[in-house]
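Report on one structure; see the data block that follows.
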Amino acid sequence: QEEDPIKVGILHSLSGTMAISETALKETVEMLIEQQNENGGLLGREIEPVVVDPASDWPRFAEQARQLLADDEVDVVFGTWTSVSRKSVLPVFEELNGLLFYPVQYEGEESSENVFYLGASPNQQAIPAVDYLMDELDVERFALLGTDYVYPRTTNKILEQYLMDNGVAEEDIMINYTPFGHSDWQSIVSDVRDFGGQGEKTAIVSTINGDANVPFYTELANQGVSASDIPVVAFSVGEQELAGIDTEPLVGHMSAWNYFMSAPTTENVEFIQAWHEFKDDTSAVTNDPMEAHYIGFNMWVEAVRRAGTTDVEAVQDAIIGVTVPNLTGGYATMMPNHHITKPVMIGEIQPDGQFSVVWETNGEVAGDAWSDYLPESSDIIASWRAPLLCGNYNVETGVCSGQDYGD
Amino acid sequence: MSLLDRPREVMRRDRVFDFMMPDPLEAGRVDTRHGPILYLEDVTVSFDGFRALDALTLYIDVGELRCIIGPNGAGKSTMMDVITGRIRPDQGQAWLGQRLDLLRMQETDISRAGIGRKFQKPTVFPEHRVVENLELAMAGPRGVWSTLRQHLDGESRDRIDSVLTEIGLQSAGHSRAGQLSHGQKQWLEIGMLLMQNPQVLLVDEPVAGMTHQEMDRTGELLQRLAGRHSVVVVEHDMDFVRSIARTVTVLHQGSVLAEGSMDAVQADPRVVEVYLGE
Amino acid sequence: MLSIRKLNQYYGESHTLWDVDCEVPAQGCTCLMGRNGVGKTTVLKTVMGLLPAASGEIEFDGRRIESRPAEQRARGGIGYVPQGREIFPLLSVEENLRVARTSVGRRDIPTLVHELFPVLHDMRHRRGGDLSGGQQQQLAIGRALCLEPRLLILDEPTEGIQPNIVREIGDVIQRLNRDQAMTVLLVEQKLPFARRTADHFVILDRGRSVADGRMDELGDDLVQRYLTV
Amino acid sequence: MATPQSSATRLIPERPWRRLLHGDMGGRILLGALAVLIVVIPILNQGVSPSSPFHVSDYTVNLLGRYLCFALLALALDLVWGYAGILSLGHGAFFALGGYAMGMYLMRQIGDRGVYGDPVLPDFMVFLGWEQLPWFWYGFDQFWFAALMVLLVPGVFGFIFGWLAFRSRVTGVYLSIISQAMTYALMLAFFRNEMGFGGNNGLTDFKDILGFSLSDPQTRLALFVASALALGLAYLLCRMVVRSRAGRVVRAVRDAEPRTRSLGYRTDHYKLWIWTLSAMLAGLAGALYVPQVGIINPSEFSPLNSIEIVVWVAVGGRGTLYGAALGGALVNYAQTLLTAMIAELWLFALGGLFVAVTLFFPRGLVGLFRRREDRS
Amino acid sequence: MKRFARCMLVSLLMALGLTASPAGAADDEALVSSLRQLNEGSFEDKAAAVRTIAESGHPRAVPVLQALLDSRLYFRIGGGEIVIADSLDSGFAVTDPLSGERVGEASQYEIRRVSINNAVRSEARKMLALAGLSSPDRQARSEAVERLLESPDPAIAERMEGLVAEEPVDAIRRDMSLVIGLARLDAPEAAIRLEALETLDGSLRNRVRNEVRRLAQNDPDPTVQARAAEILTGIQERRDLWGLGEQIFFGLSAGSVLMLAAFGLAITFGVMGVINMAHGELIMLGAYTTYVVQLLMPNAIDYSLFVAIPAAFLVTGAFGVAIERGVIRFLYGRPLETLLATFGISLILQQLVRTVFSPLNRQVSTPDWMSGAIEVNAALSLTLNRLYVIAFAFLVFGLLLLLFKRTTLGLKVRAVSQNRAMARAVGVSSSRIDALTFGLGAGVAGLAGVALSQITNVGPNMGQAYIIDSFLVVVFGGAGSLWGTLVGGLSLGVLNKFLEPETGAVLAKVLVLVFVILFIQRRPQGLFPQRGRAASEG
């Protein structure tokens, strides 16, 4: 038994529409595993990656999650990107009692015993970003543009509530949704220009996803919307997305993340160098979800060490409270609600496709599974520590509901 | 496109699914008590200004065998297209018996009302076997539900067999129709027409590609059919026409040029000029 | 001009032509005869290259052609009027003619075609598929003539054509034989036309060539044996 | 009746609903295999100890169940494509509609065990701040109603689409492309949260079906058996249809529609009928599929999915019912295998497979075993 | 605040005027310390440093600020010394900010960019704009005025009044008077405000509209208010009219993308009858060809498209010929099976690109002559890349039309597609024609790829995004008709763009799809159908 390698499942799309984002994450985990093995493995055992390709097809995610857990009997899975893929595998992880580390910023409203949320929840990204817009840039009007799916919808719902709570009038908020891969932004950009041309300082809050971003920014540039007129702050645009865009005209537009490749810490430089070596490409970029995997992987390693086993229950138990350094000079701690602490930063786009940090929170913010700004969930909390052991506990009614496949 | 057009489109009579319509069209119920079975009056068809039929008027009596001749492009096939509902004329009247206005009926209804046609260019179902082609043509209910439940009784089988013998394709009964030679397809078309057992048979160039002897057989067949059925034959082979014709109509440029007995028509100098040649 | 020796041909598994032999002398008109389904069309298609020959030789103008593709045979001087017309239905009449014409590198339409079939000129802008059956047949013949072939293959060319033009076609075939040294290979069921037009005959029966000779040698016994049912 | 008939008329079956599998070797093998699966799989899954090499894991049962759903879907498509010649590039829509109908039932079964604990409203509605259940969700708490809807919704939808299209004689590629437009439009529409079907996330988090827990191996086994039965019965039904005279009319429509019409058949009725039947079968496949994968979301409507169905049928063998079913199962099996074995390169293998099948097995994989045209 | 600005401005103008004087060592030192502040201080400090630099009058002030704006200002990790750095193939070329002389190289791990934010950037821009106001360069002056229009204040207006008379360029002079007018809207005297209003009448600018609206809503003087309201209505009406023009432009441009993407398919699918599922991937290959061409000529991006267009045509055309020769030619007579094979090919091509180029989007640069917009006026500007794409689409259309109408190729293609055997029997080499035509269709898809690379992302999935729309356009127009594709593409584009503002992008797309479905019921053969006996006979 002892010689058997520890198996780590990697469940990221390598083909289909999501491959563009997820392939780098698969490689990140592979790199981390390689490094760990070079440093003597874990518990004296080798770590072995098990890679599958769910091909951006949601039911296939569930199928392959099942395959990883039931057939390959992996000890932990790093994977999924979109919320729907996470939702699709969630019941499988709960049923078969596996561990999933999810690396992407998401809409919150979830906490599962079997999932560890390494990306930002809205309070770790969206809220601080609009705070920045309001406080530092004196923005009064907000155009919330997003791709039509749950993450932007939820985020915008939270933001709308939050903005109105902060005295922004309803007509000063514009909300617009576009389909996945939307490529013709002419009218929308023109509308936003109009919306922003009324005198008050206006900003775009973008939850536009993946492929739609290139034509969006290209159109912004062509219609002459510069960051000094109407700045964009995006939640899904990182270094990797910028790699496909000519960033010269976009300088000054912003993104809110918990990590930027430009972070000047030694950990980060080492990480980047390792990544460049791994990819054999000195122009390869790193991004926030990659950092999330870095953190998640190290947390899992630490938890396994503490537990002395890869046994799921033991790791679940041991990992809460584990603290590891992040890449931006601070520390990430696994909270009882299975979210982690993260610093929030605003970066402005530079001509070389990097971000320069213009603002950052004092220290780390803990991720909130259930948003305080939504009436339905403001009473709900999550804690996977005894005695609560519940992902959605209503403090008003004292009831714990949902997501109870495990037992 | 105005908004009104949609509902109007839906209400169109000529395309509506007529689940609800009474079905007066079963063969044999055509009212022919008062004279001709097929009336064409003043029928005009034009394509982009070209008049393929020009005020054509024609009557076919019950049980008649009528030959129609005329130069290429005179409008003979177009006339059949009008009768079978494939083409809607620009003006004119077309009636089957006293009651059925062909111009208001769908192609399928016209067929079910008892008009059968053999096409000039043989068109059969290439992927079906010869017997299946005949079975498809066989008279009987045409609705989805009835064909779904229908079974082939001995009588029908006998009928198929006899037609198969009649058209000389016994040995080819199991081959796929697409594999037949041109002449064999011609025969199959005739066979399908026989299976349909219509009241009016429109036969476009039945003997093209047949040997002289086959031609005689076809002539006999058509003559046998006449009497109980009304038969309209279009043909360019004068020997054949002469052998079967009682009344001959000559079409030219979309209207009737001459009509009468074979001899009279043959002697008509206009017919000689445009059609027969010296 | 054209000689076919020991030609065999199959449709899938079924053996359609059995060792067919056929000689078509130059500058004459040879008529291939036989009942329905004996394989006449199959022979012509094989000569044209539209069907592969399983075995046997086809020699045209002294050269073996059985392995050449159809288009080379067409450009090499074989014109084909198929059974069933095979017009390009969506091309205009003029375009139908021009397609053939371009493959001999010309743009004009030979006067002969319009002389013979004036209707093709009158209706040059109409779509080929809209023509009446007989008009299409005329177009098919006209199209083959556009190739200015040395060997013209006609598969029941008079089908559906009005009597006076049929007669004219017969005359033209003879004229072409004579004046332009064109060789003609004809399939025809109508005995009178065949007798009038052709000067040689070859009879097929169930895929085999069974008789041949000069047209005036075609006696009633042969007709009785092979051409009636 | 045994008059001296020509051998040829015997090719036409006397009573289409009798001796259904006469001359249908492929069908017999298919049904035989299904029967064996129904008996053997439960035994190997439940009766054999997990350590035994003969044990069939829950995972495998689940996987097989889904292949059967795909086979049923392929069968449905083959009915319209192979027999009626209507190339539908939108059959995924019917599958998804059936799936959604079932998903709605499963959603209502969650009851107050949802995240927000609302006894009536599904989580996503609570989250969107909806006060009450939209009208079209009524009745889905009843299984019988949902079961009816599984057939009716795709059926009615297919009927309306077909009615519009066939009535105005939309044929060939035009029909294919507008069927694709249909599924694409549905996909975009279902993505919208306002539609009330859970937007992009679709319906998920299912817990029970008919009171049995979906995570229970026995329930999965039952679903597997249900899928196998559905496939078997659907096969027999399709077989009956294609052997009947109506089936021959439908094939005539495929080859020469105007000629069929001139024989007096209302070809639009035939097309509409077979199209609707096929849509309902596809819906059934979707309904069986959803509880087995635990999620239904709008990407099931994606045009690419529908194209894949066409590919399954073509790979299996168009125009042979068992071939289509085989194609549906096999291509998906290949995908499962390849995505796990050669995660980075599997698309090369799959694409290569498609190309190779068309080039070397023009009648699909079953063309390998089938010498002559099927004798239906 | 205002007073401060004025003082600052005056000193700044003076300082900039003095740039001729040689810089002393003391000036250098001041500049260095300002530069340090630029790096180390808070963003407010940085903004102040920008002003200090501008006011210092140092001859290097303008280049340094420009470098800051261009993000070329770096500091050395460790020492904190400020340098100007230009990226090389690997690492950077380092320049001393004081002397402007090249002093060596540095790697990406040694230096970091001086970080600034939008506020600092705005400040620097404004400072440079003021400096540019009296520049002899017309472009620089125009930009400076444009820039000042956004924040006009009395001091600037005053300065402008001096300049406006000397300004030789009409347009700039008009803008200058706008700046003056805008600044005077705040004048306490109603008469001056009224007078200023008149100078603003006729302008379509946002800024003007907003200011006029402010007056129309709450000017204390009723006459001013009334006049402002009047002017506002005029402005609004004209803006709306131009807005309509903009919408039509958007529609045409969306439509031209659709038709460009569809042309290739109109040939392979419409004319040849091959259901080519790999069409989208051929478009993608065209886009990747553009990317590779740009990689090969990094210093001539402006001309790269002229190389990319023929290159893409040839590359994708060659792929097309290979696909036709390798696969499709075995499938004629089995048209539906081409769907299966080409679907397989599309999977292979996608994965091939992923393997060769990585799954990430690739960056294709837009040449300078294609970026930006033509400003027709303040309310309507036509983005250049779209304009070129429209022109390109029509050009391709014209060439294809010529090719099909003027050469015998079109005739032969149609003959082959209608009756392959008979075409051969009249001497048309069907295999050559098939390969050529498919190659042509593929090549045209490649051209579409070049155009698309200028407006959307270049990645392995890009083909998927266009395949459905392309099929829809071809079918809507009527398969086999190039004109149909043209009209179909344009009208769907325009329809979409007119629906979008009403319904949002998602619903607009759904409605367009539903429209096409219903339209096809009315015209089952598309806009330009094949009619007649031939099309209907069985």
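Residue numbering begins at 1 within each chain, and the chains themselves are lettered A, B, C, D and E in the order written.
Here, a contact is a pair of C-beta atoms (placed from the backbone, for glycine too) under 8 Å apart; a residue touches a chain by one contact, two chains touch by 3 or more.
Chain by chain, the UniProt names read as follows: B = Urea ABC transporter ATP-binding protein UrtD; C = Urea ABC transporter ATP-binding subunit UrtE; D = Urea ABC transporter permease subunit UrtC; E = Urea ABC transporter permease subunit UrtB.
Source: prediction; values computed, not measured.
Visitor: Keeping to the contact definition above, tell me which chains border both chain A and chain D.
Guide: The shared contacts of chain A and chain D, listed by label, come to E.
Visitor: Keeping to the contact definition above, tell me which chains border both chain C and chain D.
Guide: Chains in contact with chain C as well as chain D: B, E.
Visitor: Going only between touching chains, how few steps reach chain E from chain A?
Guide: When the steps are counted carefully, the minimum from chain A to chain E is 1.
Visitor: From the C-alpha centres, identify the chain that is farthest from chain C.
Guide: Farthest by centroid: A.
Visitor: Per the definition of touch at the top, where is the C-beta contact count highest among chain pairs?
Guide: Per chain pair, the contact count peaks at A-E.
Visitor: If you average the C-alpha positions per chain, which one ends up nearest the average over all of them?
Guide: D
Visitor: Measuring centre to centre with CA averages, how many angstrom lie between chain B and chain D?
Guide: 43
Visitor: Could you put a whole-Å number on the gap between the CA centroids of chain B and chain E?
Guide: 64
Visitor: Please work out the Cα centroid separation of chain B and chain C, and write it as a whole number of Å.
Guide: Inter-chain centre distance comes to 30 Å.
Visitor: So which bits of chain D are touching at least two other chains?
Guide: 167-168, 188, 191-192, 256, 258-260, 344, 347 - these are the residues of chain D that touch more than one other chain.
Visitor: Among the residues of chain C, pick out those that touch two or more other chains and give their numbers.
Guide: 130
Visitor: Pull out every residue in chain E that's touching 2 or more other chains.
Guide: If we look for residues of chain E contacting two or more partner chains, we find 350-351, 464, 506, 509, 518, 521-522, 532, 536-538.
Visitor: Which bits of chain E are touching chain C when the two form their complex?
Guide: That would be residues 408, 411-412, 414-415, 418-419, 421-431, 480, 530, 532-535, 537 of chain E.
Visitor: Which part of chain E faces chain D closely enough to touch in the complex?
Guide: 269, 275, 277, 327, 330-331, 334, 336-341, 343-348, 350-352, 355, 464, 468, 471-472, 474-475, 479, 506-507, 509-510, 513-514, 516-518, 520-522, 524-526, 536-538
Visitor: Give the list of chain B residues in touch with chain D in this complex.
Guide: 15, 17, 84, 86, 106-109, 111-112, 117, 119, 123-132, 135-137, 142-144, 147-154, 157-158, 160-161, 164, 170, 173-174, 176, 192, 196
Visitor: Mind listing the chain D positions that touch chain E in their complex?
Guide: Within the complex, chain D touches chain E at residues 87, 164-165, 167-171, 173-174, 177-178, 180-182, 184-185, 188-189, 191-192, 256-260, 303-304, 307, 310-311, 314-315, 318, 344-345, 347-348, 350-355, 357-359, 362.
Visitor: Using the touch definition up top, name the residues of chain C that touch chain B in the complex.
Guide: My answer: residues 11, 35-37, 41, 83-85, 119, 126, 130-135, 137-138, 156, 159-168, 189-192, 227-229.
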